[in-house]
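In what comes next, chain A is part of two complexes: it sits with chain B in the first one and with chain C in the second one.
Right after this comes the complex of A and B.
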């Protein structure tokens, strides 16, 4: 089975809230001091899902695509170190300022350029903008069946069986290939590359592709082609002031809390 | 022509609570946009739900009533949804940020040549656009965005909008939609229902949640016991779910359930932004944590700094006495 995984490099989502800052005027998140960007966690899980499909089928390739500035190369390298075969970096000034639509458009062109594989895998959402739409948009553009927010993916002969996380449980879904899948955190931990694999990955090939290579005009992508416009980016403020309930014993504290809740008419 | 078309969902009670909330928002917004409010219902056995659409704020209700639509599947819902949008030609399409909305909104928007904004918290009219405020960066930031193409597709976070007071004197025109036999490529073959014991998280007025600091799965039994006293639902942080201590269906947060109860009791939870993204809308948060510097305290109205193991039995007794 041939699989393509789309991955994104993002500011570390585990950045402590105190170190998280935005530039409101530029509508950009400022890089946190000493905290490096990482592959979006769901995308690492997507790579894991792809590697397991390849292993289960006994042959095929896992190729990686990422659209972004220079730093996107690190998400590709991480995926290659996990065991993926080849990387493709969609890199062009024209892509800057794009939205989910322009990203999905470029990714779908790149997928067509490489040849639509048996399975296309995405993260459930990129943990920067928390949108969760690119996988579905690509599926629609390529007219492929899709299943989103998955906790398990299994190869079942020529078809794929998945378990989808829904509000009140899980759904089992069968999909023919080619198809599009998006992976959720319930999938479990991805493998972590060892030093030897990181060194091997350094030798694996990463091909750069521009908008023109994908038959796209600068006006189709980036800010020019976007369908969604951002008007503001800011950090929410919390105006609650905590009252710590003191007491010499746990019993006193518990009684104090219950009293406080009663006085505040919460109970 | 409606200004706003809401894709609703139904449950045992009829129209789901998020559907009523979206109809409330749609009525408010359509006042400024001009034009009416339509509701689209896809499912099987919809007549009762359709009858409550008018009182809830819809002028028109489209019903696509067919066995093939009994539960959500991308391939069966997408063409029907597309047909309804084309028939209604709304300026704005609203869906809930539900299992259905997450999956359907981006595909439908793409098919219609437009885009979707996901999980909006606030909606405001600006000219002919709806400005949506949404959470991003794991709850650390908010962005304000508009869809520049038409129709503007937006998913709405449950509990972020107010429903209207039901008005029995209002009724909606019912338009039955023809449903063709679907071409299912992806096929749902079965469902595992999470054990639906007790109160549903999203409906609970009180939620008691536990995190990694509980130290093991056994402690959730103590939380359940406290929840029994408080008539509360039990939630958990993702760390606790990932460790297998509690089912993923009970996870509160960015990638779990969003709750906004009157009282949220966070026990041995640090208060990471992604957890707060799911409970930050609670009216009152109470935290029990042994670390006085835990971020959770900066979101809490009341706090106890102590080992939960010591506090929990005393707290259950004190609540039991107070609520007797």
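Right after this comes the complex of A and C.
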């Protein structure tokens, strides 16, 4: 079974808050010193899901597409090291400054360019902006059935059985192929690449595709094609006030705490 | 103060003669005094007796059969060893085995002291004396027998008169010493079983055989005295006291019958001796030869140094997953193990009831080498593929040796330090970890998380809220930026920067250096991990990437220069820089903060004259500072110079110090087993009655803090054990006005 996984490179979500800075004037996130960007953790899980589908079906390929700057190649290489077969890098100045819509548009064109596979997999959302829309937009653009926020994926002959994480439990559905899936963190940890695979991945060529290669005009994508307008980007500040409830005995302290909570209308 | 400072500390330590080994050796000398006394007095006495001698091969016909057997015996032994050596030779040759002998004097010294002198065996008083009894008895009895043969074949008779009687006495007494040794060894297995004890048929065969030889020897002697000496020259027989007593026991037996019994026992004794000695080629008795050889072969580099995988990108495999991936020396030393269990008795994981016993690692690998190694040798001989017919074998890593055992190792080196036959367990364990991580990518989640954080963020502290420079917030102007002009680079390291408790120590060290006007600087914001955690966790490739990156930074900033010295905050950084970075092209000198502080105190640049509260302190040795790098005294001498401080020791200290539990990457792992290593160590510290525990390693500090949380859960906060870095205590005593605000 052939799978394509779309992955995004993001600033490491484990960057300590103290090192996270934004340029409010340019409305951009500043890269933290000494901390490399990483593949979005949900996307690494999407690659893991794809590899398991390939293993379970016994044949097929897992190909990776990523849209992003030069460094996005590392996210593709990471996926290749995990065991994916080929990588495609959508790299063009025209793509810069885009939003979920332009990204989905470029990705869907790339998927058509490569041929629509049996399964298309995304992470449930990129762990930087957390919008969680690209997968669904691609499904609409390609007119494919989709299931989002999945904790389990199982091959079932020609169809696929998935389990969605919903507010009050899990929802199990069967989908025909081809289809679009987005993977949630409940799916499980992605594999750690073996050193030999890391070295093989390092040697593997990643195919670069530009907007023109995909038949897209520069005005359709990137900042030019964006449907979202950003008005401000800032780091919220939060002021914390601490009140220590005094008291000679634990009972007094507890009574003081209850009174304070009542005053604050929490109780 | 540079690398030579490390050596001087070692030298001082050696002269202080505090190691257990030396104390036991000293005890062993008086133990032999009575024996020497007896021999002296007896020697004087023998002068009064003349003409004493005995007939060689008394009452024995066809003794030439023995000489016929001798070449067979030697052949059988050599066959056994050569056959086994084919399994050893499955491994990769090391530089040493290619004939490239480094540090020959050190090796020869080890061969003589550690091999012949059984230095390490003597560290345990009971088994040390036991072993000494058996060994000296065997050597003396061998020489005695050889002398008798020589005497027979040279025209001059040496063994006559007083010389003969002295000779008889020595032989008799050492026979007795041998019996005492064997009795102690048997009792050891019944009366004094150890946790790691694993007596097998081999033990009983060797001990039973030896006991049988000694007893039959005395029976033969007794019968000879009974039949030929006691009635003719009774005063001669007094010089064979044990034989004399045995003769008296046979006094009711008719001479003719006694002669028959004598012949029978003589043959039992002689054929028994030749059979027993063949065990040399087939059992752990081979340690007679292999242990001194292993003492010679043991690496002479610092014990905490791991071997580098050179040209890692061109390797066919990473680490060790098959027997033949080991070096020859690693396979060889499996056969050296005598199962004494000292490694396991000293292993922090085993002490805490966790799933690791270094002895079982070695023994299980030995069994595997026997089963699978022999098959591989046979495959080679028959021209088959090395692994022909071995597809269904339990895998060595993950099967014979369980993953959790490999992960439980702290690389603390207590096993290596304890091993009387010089086995190096730690590199063997790390080699198998390398295969788990790099070959199979199979590891606990916590290890994976640590490695990923190292890859992405250049430090192992996943989830830290801090940045590299958080520790200097508010005192930035007091922390000089490294310019390349200063004498010392203060390498804060990841823990000193990213862990709040360790940040306090970093600030203490800075405060002390400013107080003493040390010319130092810090590479702000640009430091990265030197790779130690990755290397200990088995990810040699990541280690090399991190090390290359850091050396590049050191090159760019002028640190990598023979004239520059890096002060490390952490003993793990210290060990890596000092012992492992030279392989990566490092030229700079390395010093640990306790060494620098001791030097500053000695020079009077730091004066610890401020009153600190009166307290007793127990010093906990960091493995990577102490056992791995011989720095035991510098931190203690600092503590001794702080007024109002009384230093007391835990029972396990210095070379025998117990790991805090964090080593070998276990700082970032979940422990599995009955208890936690840090709790065991905290209990030991609490048991001394000390007010505080001092150490010099940021990992140890954290492990102690968390151990105290559980061990002293019900103790009032004020009465709990305090945990301090040596630098913090010195700061309290030597930086009086805190003018630097840190």
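One rule holds in what follows: the second predicted complex is superposed on the first by the 242 of 267 C-alpha atoms of A that agree within 3 Å, B and C clash if a C-alpha of one lies under 4 Å from a C-alpha of the other, contacts with A are read in each partner's own complex, and residues count from 1 in each chain.
Going forward, a contact is a pair of C-beta atoms (placed from the backbone, for glycine too) under 8 Å apart; a residue touches a chain by one contact, two chains touch by 3 or more.
From a predicted model like this one, the values you see are computed outputs, not experimental measurements.
Enquirer: Quick check on the chain A-based superposition: chain B and chain C, clash or fit?
Expert: Pair status: fit.
Enquirer: Once chain A of both complexes is superposed, is A:166 in touch with chain B (first), chain C (second), both, or neither?
Expert: After superposing on A, A:166 lies in contact with chain B but is clear of chain C.
Enquirer: Between chain B (first) and chain C (second), which, if any, makes contact with A:97: first, second, both or neither?
Expert: neither
Enquirer: Which partner chains sit in contact with A:243 here, chain B, chain C, both or neither? Use first/second/both/neither.
Expert: Once the two structures are laid over each other on A, A:243 reaches chain B alone.
Enquirer: Figure out whether A:31 sits in contact with chain B (first) or chain C (second), or with both, or with neither.
Expert: Once the two structures are laid over each other on A, A:31 reaches no partner at all.
Enquirer: Looking at chain A, does chain B or chain C touch a larger number of its residues?
Expert: After superposition, B is the partner touching more of chain A.
Enquirer: With the two structures laid over each other on chain A, which partner does A:17 touch: chain B (first), chain C (second), both, or neither?
Expert: In the superposition, A:17 contacts both chain B and chain C.
Enquirer: Now for A:132: first (chain B), second (chain C), both, or neither, which partner does it touch?
Expert: first
Enquirer: After superposing on chain A, what angle in degrees do the C-alpha centres of chain B and chain C form at the C-alpha centre of chain A, to the nearest 10?
Expert: 110
Enquirer: For the superposed arrangement, tell me the lowest C-alpha distance between chain B and chain C in Å.
Expert: Value for chain B versus chain C, nearest C-alpha atoms: 7 Å.
Enquirer: Which parts of chain A are touched by chain B and by chain C alike?
Expert: In the superposed arrangement, which is not itself an observed complex, chain A uses residues 14-18 for both chain B and chain C.
Enquirer: Which positions of chain A touch chain C when the two form their complex?
Expert: Per the touch definition, chain A meets chain C at residues 12, 14-19, 33-36, 38, 189, 191-196, 198-199.
Enquirer: Please name which positions on chain A make contact with chain B in the complex.
Expert: Contacts found on chain A: 11, 13-18, 20, 22, 27, 29, 99-101, 104, 124-125, 127-133, 136-137, 139-141, 145-149, 151, 161, 163-176, 179, 184-186, 226-236, 238, 240, 242-245, 249-251, 253-255, 257-258, 260-262, 264, 266-267.
Enquirer: Which residues of chain B touch chain A in their complex?
Expert: Against chain A, the touching part of chain B is residues 74-75, 98-99, 102-103, 105-107, 109-111, 114-119, 131, 135-149, 185-194, 196, 202, 238, 241-242, 248-249, 254-255, 257, 262-263, 272-274, 280, 283-287, 292, 295, 297-306, 310-311, 313-315, 317-319, 321-323.
Enquirer: For chain C, which residues are in contact with chain A within the complex?
Expert: Interface residues on chain C, with respect to chain A: 313, 318, 437-441, 443, 445, 448, 451-453, 455-458, 462-468, 470, 525-526, 528, 541.
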